[in-house]
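Next, two complexes with chain A in common: one pairs it with chain B, the other with chain C.
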Partner chain A sequence: MKRLRHLHIVYMALLIVGIQVVTSATDTAYFLTQLTMSAYYSLIIIGLSLVMGYAGQISIGHAGFFAIGGYLSAFLTTYNLLPYQETGIVAFLSNAGLLVFSQDIYGTDLLTVHPWCAFISAIILTTSIAYVIGRPVLKLKGHYLAMATLGFGIIIFRIVLGSSYFGEADGLSDVPGFPLIGGVEISGNMSARIVNYYIAWGLVIIGMVLLLNLVKSRVGRALRSIHGSEDAAKAMGVDAAKYKLHTFVLSAVFAAVAGVMLTHYNGGIGPSEASVMKSVRYVAIVAIGGMANLWGALIMGSVLNFLSLRGYFGSMDDAVFGSILIIIMLFAPQGILRKGILKDLRNKLTGNPEVKQS
Partner chain B sequence: MTLELLFQYLVAGITYGIIYAIVAIGFNIIYNTTGIINFAQGEFVMLGGMTAVTLNTFMPVPLAIVAAVLITMIIGALIEIIFIRWLDNPTVLRMIIITIGLSILIREVALHVWDEKVRALPYFSGTATSSISIKGVYISPQVLWVIGICTLIVIILNFFFSHTLLGRQMRACSSNRKAARLCGISVQNMVTLSFVLSAGIGALAGCIVSPITYIQYDSGTGLAIKGFTVAILGGLGNSMAAVAAGLILGVLESFSIWILPTAYKDAISISILLLILFVRPGGLFGSREALSLKEF
Partner chain C sequence: MAFFEVHNLSRSFGGLKAVSNVSFTVTKNTVKSIIGPNGAGKTTLFNLISGFLPPDEGSVTLETRQLEDLSPDKIAGHGVSRTFQNLKLFHGMTALENVMIGRHTHSRSGFLSGMLSLPWTWVEEKAIVKDSLEVMDFFGIAHLADSEATSLAYGQQRVVELARAMACKPDLLLLDEPAAGLNMKETAEMGKLICKIRDKGVTVLLVEHDMSLVMNISDEILVLSYGEKIAEDSPLAIQQDKEVIRVYLGEDDA
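On to the complex of A and B.
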């Protein structure tokens, strides 16, 4: 089993390299831009798959965590601290080497927080918010849970839309690149397209390995037992509340990392990233991939996001996701990317009563 | 702060509050017979308002409203029959996702049928600028219409659920589905009826508020969230408490503008929702004893 898991990762890595080689050879490297973006979105989706599929908790507020990460990072790396250079805390940060001097395109001097520093603050903030929100929210079930997470998402959306610090309806732009080691940076720079493609998918592979190991471990078994029957799990000594909370926080961190990276890649972020429709879209993709199926979520996440970003759905974008959501939930609530789907369909068509419903 | 201004805010709060209450009652009707929350409830309100505006171009307002309500009721019935009726014991998670999907679909269809422009019915009596002065407080006649019609809806519904056979059958389904079925009540038909009823009420609400609030393809979502807040605040399934909760939320929201910019108005009511969910998920008026038996 262990070998098989690693084999899948190897296949995935080969596919990623293959796609890059093919696009370079056929002069269609422009596809890589959307593929990079869909990689970051897939990162949120596999995190959400852990919460929905394995812990059995719905969250219609994950775009909120994405936005917290993206917006905080964008704000810190673009907000000019030069006027406050002499004041205590800014001077302290500057001395500690956490700030960078730069110039914008008009030659104005800027003093902003270093991207790494901004990244770490974004992750710390997301983790704390996820803890504070998650503790009371995850006590709820069903409709109450759905509505509470939806409410959280809307509050974040309203805050970024209403606050002048976050650019209101315009969002934040001119976000600098995110420097990694050796002069490589995450940015929308054309020349760095291939490098960025590999960085993004490298992150997804790291995330996948982490989650695959997690669900195969003691934690994963505990989560599945909670999903099956929370009472039974508790009776066996599983601390259900703790496991649910930790999964929720972990997936929030996944969303925030994706938010930070995509913001640096795109060079900006707008309020639509925090909107309810985005959250619903993530839920839709997890549902299509089959709730407790990380590979299904990853495949559907990258394919559907890629198609959507390339604009293949045109003005029907939201309608397509809405329809997919309904059709999957009506006819194949276990998702479509799994073994036995054909058998189930045949049973359904011939009216065989052995069909398992959930 | 003069006393007149205080009352002015109060009236505005009551107007919005009663609209929220009507949406919440729509949620409660479906919740009571099926145990599910229809996340597409706000879309009924939008459909009612938009259809009435379109029909109003070739028929008088009262007729357009009646026709719009009937059309929305038919849509409600169709939705139930096509998407929900044949599902065999679906999980809550599945129902949530289906109704969310429906709400997106209805909204997108509305966007393509109409457009993104805001619309409104004309004022039922007088014009946008006419007002009635009661001791220095100016009230638009439309506000009186809203309050009047909504009060009427509440009274009629109350009568329907407590004194008619059909209403009692619906209540029987909510208290015990199996027992209701054993008594010969068609639970499935009651569910369809609850969708029809809540679609109709939503549509009517959409028609009467559209002159004040205006309506566009995506106004349903906002109303649905407020309606849900109110339904939770009053205790899910309790329609009378929803009215009280609606008034509380409406007035709170109206006065919150003093303290915070309007951009955060929604954030305030949702924070109230979260607070209630965390502290008293059974609502303000639920009894402690009943709560201990329920799962949230």
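On to the complex of A and C.
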């Protein structure tokens, strides 16, 4: 089993390299931009797949966590602290080397928080919010949980849309690149397109390895047991509330990392990233990939997001994802990327009573 | 001091006293059965002991450990394991994986070590599999390890649930109607398994409707009626008890 799951990772890496080589050879390297973006979206989706498929919870608020990460990082790395340079806390941060001087395109001097520092702040904030929200909310079940997370998503959307600090309807722009080691940075520079493609998919591979390890571990087994029968899991000593909460927080962190990185890659973030339709889209993609199927979620996440970003769905974008959700729930509630799907579909269409419902 | 003691335990739902001032003790290494007509409060009593319901009053003590205010998972961690009247196996998991969950309280790999797949977690995982297979072997179901638990025959599912509960290595095992839905042969087998469990040094508290099973394997019997304890004695004495006969068979009007 172990060998198999690492073999899949190797295939995935080969595919990633293969796509890059093909696009370079065919002069279609512009595809890489959308592929990079869909990599970051896939990061949210595999995290959400853990929550929905393994812990058996639902969240229609994950765009909120994405937005918290993206917006906080964008805000901290663009808000000019120069006027406050002499005040206590700013001076302290500056001395500690957590702030950076730069100039914007008009030559104005800027003093902003270092991207790494902003990144860490974003993760800490997301983790704290996920804990605070998750603790009461995860006591709910079924559609009550769905509604509570939906409410959370709407609150975040309204906050970023209504606050001048977050640029209201315009969002935040001019977000600097995110420096990694050796002068490489996550940014939308044309010259760094290939590097960024590999960085993004490298992060997805890391995320996949971590989650695949997790679902095969003691914790993953405990999560599945909660999904199977929560009472029995508790009777066996599984702290169901704690496991659900930690899974929820973990997936929120995945969403926030994706938010931060995609914001630096795009050079900005807008309120549509926090919208409810984004959250619904993530849920739809997890559903079509097959709930407890990380690979299915990843494949669907990258393919559908790529198609959407390339504009193949046109103005029907949201309608497409809404329809996907309805169709999946009606005809293939366990997703389409799994064994036996064709047989099940045939049974469904011919009205064969042997259809396995679950 | 008694090995396991329930003292003045009470719980009501609205105006209904489901369990009222029930006290009893269980001696280590014995089988004690709780019987009573339907609605007597047997399952409520189990839920109070295992933490699924908080009691209104009273205390539950296992050796020196106070259990009455703890959540079910903490109680399991303190060495009390249970099965359910209507089987609660984990669907979508094999019989072995079901039993492996029983080892949860005896292992410690968490989110971080699991995600990083640290080498010590491999060792732990191997030990979990080995221990679980041992327990399954003890119950004679090792050959079912890789079958999906919920697709097994009903009687086998009962045994898997028993194995899962025993994988916790409990000090006290609560069995809620383990013979429900079993035929006579399977019930007799179940009786043998319960005796085997007791011989392993585990104390058993049993709720059961099948009187042949109860009378055969119990060291002591507690009788509940309308949430109150009406008798507590050896099987033989219980069979002669006038009050017990009255609640089971009704008044003699003649």
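The definition used in the following text is that the second predicted complex is superposed on the first by the 356 of 358 C-alpha atoms of A that agree within 3 Å, B and C clash if a C-alpha of one lies under 4 Å from a C-alpha of the other, contacts with A are read in each partner's own complex, and residues count from 1 in each chain.
Following the convention adopted for this analysis, a residue touches a chain if its C-beta (ideal position, glycine included) is under 8 Å from a C-beta of that chain, and two chains touch if they have at least 3 such contacts.
From a predicted model like this one, the values you see are computed outputs, not experimental measurements.
By the document's definition of touching, neither partner reaches A:Val100: not chain B, not chain C. Contact with chain B, but none with chain C, is seen for A:Leu330 once the two complexes are overlaid on the shared chain.
In the superposition on chain A, A:Val238 makes contact with chain C only, not with chain B.
Using the contact criterion defined above for the overlaid structures, shared-chain residue A:Ile299 touches neither chain B nor chain C, since it reaches no partner.
In the superposition on chain A, A:Ala287 contacts chain B only, with no contact to chain C. Using the contact criterion defined above for the overlaid structures, shared-chain residue A:His143 touches chain B, although it does not reach chain C. Which of chain B and chain C touches more residues of chain A is settled by the count: it is B. Judged by the touch definition given at the top, the superposed model places A:Val184 against neither chain B nor chain C. In the superposed model, A:Ile205 makes contact with neither chain B nor chain C. The contact surfaces that chain B and chain C form on chain A in the two complexes do not overlap at any residue.
Residues 56, 58, 60, 136-137, 139-144, 146-148, 150-152, 154-155, 158-159, 161-162, 276-277, 280, 283-284, 287, 316, 318-319, 321-323, 325-326, 329-330, 333, 357-358 of chain A touch chain B in their complex.
Across the complex, chain A is touched by residues 36-37, 83, 87-94, 96-98, 100-105, 107-109, 221, 225, 228, 232, 236, 261, 263-264, 266-267, 270-271, 273-274, 277-278, 281, 295-296 of chain B.
Partner chain C is touched in their complex by these residues of chain A: 210-211, 213-214, 217-222, 224-225, 227-229, 231-240, 246, 250, 292.
Across the complex, chain C meets chain A through its residues 50, 52, 71-74, 76-77, 81-82, 84, 88-93, 97-98, 100-102, 104-105, 107, 109-111, 113-117, 121, 124-125, 128, 164-165, 168.
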